[in-house]
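Read through the structures below before going on.
Note that chain A is present in both complexes that follow, paired respectively with chain B and with chain C.
So, the complex of A and B:
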């Protein structure tokens, strides 16, 4: 495993590779970029005219081909169609040119490529509380394309980077033409390596923020939701780090910004500036939940089973701000069960969450199974059997039915 | 660099050490040693098995490996592997991991039921193996080492875009976990060495 590639892909997709970022923009805090000043630099059907950009496009077309074919993509037509509609709504002049892919990877990430295709990670869908938030992230990525950030950073990089680093990257990206195996670079989980070619400067991030806010406000979404997204991300990273007794590592996702506070303040100012008095702005929460409803359990499963209790607990609490339900209560229990620190009473907490979950009508079958196991361990055999029976009624073809039946006796 | 499936990751905290062909082969050191067809001790020596044909044992690394866990492979760790857990104590992890690591493989506890042990193994694949999709195919009772054990069948899609399939047979004996786990590329390799795995499980004995 290329551990380093994974590390890059996990943390740096939203802003491009972070490693060499500092070199690109050592300098003081910048003034806020005003949404009104953000004019798209490309129109519909944009095609590059300069030679270096044409070459880059050619390589990126190969990358897109590989990605479009990856078995890590989620291809549910309801969800992919929804994402396509969304980028078609907030994509500005290039709206009809964008392509968007959904990767089954449980990280908070989205990325835009120079040719106008975007990759959204499934972990992003879990974390968004409404359509406006998701639209905000997608619009931010569209902003990078509309402001031509990739080609600008590519040229900037080529000028500044050391010869060997560029050589290694080109061997991966451009190697195909020379008969070099391209596979490792194109694998979806290693997109970070590709994206590290396009490091966005702090100014570019500020532009994408302002452009994104403008695009979603024009589409009738509440632009204030973008600052909420970043707040949630910072909160989650902080919770994860605190739990493991560390400080949150600044310099990853937010490396390009003077500070989290400044970015928050800027995003809020953008939103206030953009909102037209008297106009109604929507978050489209119901529509969002209805669309991702069928995969929400899978998304929670993917996250919680990574056993990062600080992050998962924060995330569940955040989602529960819109109301608790059986699914969230169940996964709250799963966080405690997997943390498994009996000295801190995790088994008791897990048992309580399962018991709370099964009271809700939307409790998944798995909640009944784990409720049963918790009861069994407490010696409440009769109740455990009832819970197991309920589990098998809800999920007659459960993969562990043979074991559960043995428990029921 | 090529990616490694879980068998390598369990024991080799450093992927490099596991895939490197440079590692001093000229000095008589290798990452693997042959296991021949006779009764051999595995893990910390608490359990013995007989492979039906020669396999390759992954060399343990003092600072990265857990003594009660041992890995074998037939065609290389990307394609197939068997992991032995021989008496993992309650409150311990099946891999070495730092206290500060964000995502952690859950720890074993003596009072775990088979679904909980299965969930622990699933955690191993998701956290260490970067499995993005994991499906439990079955959990059912199965005697192992003369105890009431279980069999866990599963398959997983890893981020190298390859589907792998696995089977674990285990039991908790005197509060310690004994387990033999087989994991291989779902296409061809899983079926090809499954009879080996079954023979090894069938031959498993606790040290007298």
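So, the complex of A and C:
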């Protein structure tokens, strides 16, 4: 091919590329979706009528069977019943059709599947400070179903991949016929297609956020709480990164979700828009804490064992904004004990936390055990023995009971 | 979705030609079941979809249902001809005497063992410790317990997926062929592919005694090497997958010596 053609094509390629990027970026500024525009697209008892969606539903049957039988599920009827009631409150027109499963995974996540079943990770229950926050996340997942996001994304992917495949083929043939090489354009189009799929996914998330905020405000929950959820998550990620000497990851063009910062800001605007003056909004903190009470120790235990001291410490302090107690103080001690860097004074900090924990009536037995060990290290044998006795009284069948008894002498 | 990972890996390893390939492995002591045996088929995993222009697979509910009932009918006919007594269960709560959880455990265990078999027998990642030992994997005590509780001799796990090239995909292939005239020749954009695999577990010992993969892939959309939506196509698949079980290495040696 002639050198001049190549030059022209390279220049036009760059121009085209810049134009494509600019177009994406303009769209990438991601204008906020207004809650008022979010109307549910499905009614009660929705069943798919089109072939592609029916196929998707069929495929999900087996997936749900697998999840429903999973040995990772927490099946405590009080908690699963509570989650069912919540999705029944903030699930919009499909409230009665949803199924919700609680998976024992110590991570901040929840997911909605195309047929209307949701999976909530146990790590979410640890992070939520009240019922409004949890309802907000669940309403976001309901939003995905109510706005038919799964089939819409599938169709978007199908349309774009079809268009790209045909376009690439025609460019190849047309280019060959005309004697020019269009491969670079095809590659650019491929990148454009991929980026636009990610953009579409972010748009769907923004819709679900707005829909979720609207649903909880209608149910009488304070919509501002969802924005707080993101604020907490940003803080947690920041703390986690700082402790590891890293930077928190920000949004990019390849993200499936909008950045946490954008979501927090948009949700704040949503809440201001949604709140009706004079109407009273609730967060139901007591009811929430009473329900998750029986599993809270397990949730904290899972978290501190993730070996992410920055995140764990941040979480415990966030939860403690609603008041310290023996459980939180004990796990604060666990964070330092497990990090175990005596050069940074972790052993001293752990000992202080255990000592603070046992002051509260709800201190778990293990707080007394570790308090005893810390006292022993300081040479305060008499007090240590008293702490060990308390441990044995609370947990007579502890696996190390014989050893502790020998220590007391 | 690890399930798809395995299917893709298998497809990638075997799909380079437009043809039908089967590759089976057996325990060295394996003798194909014959006569009066009891076979349990656990939840046959069947999906049929449409291959879109862009190359995505769109699952189709009615094709999948059709294919599943065709495969089940073909399987019953084939096993009955061998003298076997076969039960096919569709749901985990359908096996008397065995809880859903127990069955789920065996199924999941089998799935990871199958993944290991694919990794080390089909993808070329050969294990020196298993060299020359045929198919040397076991599901252990859980499978034996399933056999004792349910009274079956063997369990068969079966996976089948098939795609039908959409009109758009065929048009893309035709265009690719037409392009040859001007010098841009791309007839092999990739067409429909059928991928099936099965593993047979001896419920007396817990061992995976036999494993087979059938890959019927076409590089040219519109040309097919299998069709699960028709009874004939399903019978062909069952025959390809299960019809020619070969005995294990030691058994064949003994037979040759005789």
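Couple of notes before you dig in:
We take it that the second predicted complex is superposed on the first by the 327 of 409 C-alpha atoms of A that agree within 3 Å, B and C clash if a C-alpha of one lies under 4 Å from a C-alpha of the other, contacts with A are read in each partner's own complex, and residues count from 1 in each chain.
Definition applied: a residue touches a chain if its C-beta (ideal position, glycine included) is under 8 Å from a C-beta of that chain, and two chains touch if they have at least 3 such contacts.
Owing to the predicted nature of the structure, the values given are computational and were not obtained by experimental measurement.
Look at A:261: by the touch rule set out above, it reaches neither chain B nor chain C.
Once chain A of one complex is fitted onto chain A of the other, the partner contacts of A:85 are absent, as it touches neither chain B nor chain C.
Among chain B and chain C, the chain that touches a larger number of residues in chain A is B. Of the two partner chains, neither chain B nor chain C is touched by A:37.
Using the contact criterion defined above for the overlaid structures, shared-chain residue A:406 touches chain B, although it does not reach chain C. When the two complexes are overlaid on their common chain A, residue A:71 makes contact with chain B and with chain C alike.
In the superposition on chain A, A:378 makes contact with neither chain B nor chain C.
By the touch criterion stated above, A:322 is placed in contact with neither chain B nor chain C.
Of the two partner chains, chain B is the only one that A:308 touches; chain C does not reach it.
Of the two partner chains placed around the shared chain by superposition, neither chain B nor chain C is touched by A:286.
When the two complexes are superposed on chain A, the residues of chain A that touch both chain B and chain C are 71. Here chain A touches chain C in the complex through residues 51-52, 54-59, 62, 65, 69, 71, 154, 157-158, 160-166, 169-170, 172-173, 175-177, going by the rule given at the top. Listing the residues of chain B that touch chain A in their complex gives 1-4, 8-9, 15, 99-107, 109, 111, 113-116, 118-119, 122-123, 126-127, 130, 132-134, 136-141, 150, 153, 157, 159-161, 163. Contact residues on chain A toward chain B in their complex (touch as defined above): 1-3, 6, 70-72, 104-106, 184, 187-189, 240-241, 244-246, 302, 305-308, 311, 337-340, 342, 369, 373, 376-377, 399-400, 402-403, 406. Partner chain A is touched in their complex by these residues of chain C: 45, 47, 49, 52-56, 58-62, 64-65, 91-92, 100-101, 104-105, 168, 172, 175-176, 178-179, 182-184, 186, 189.
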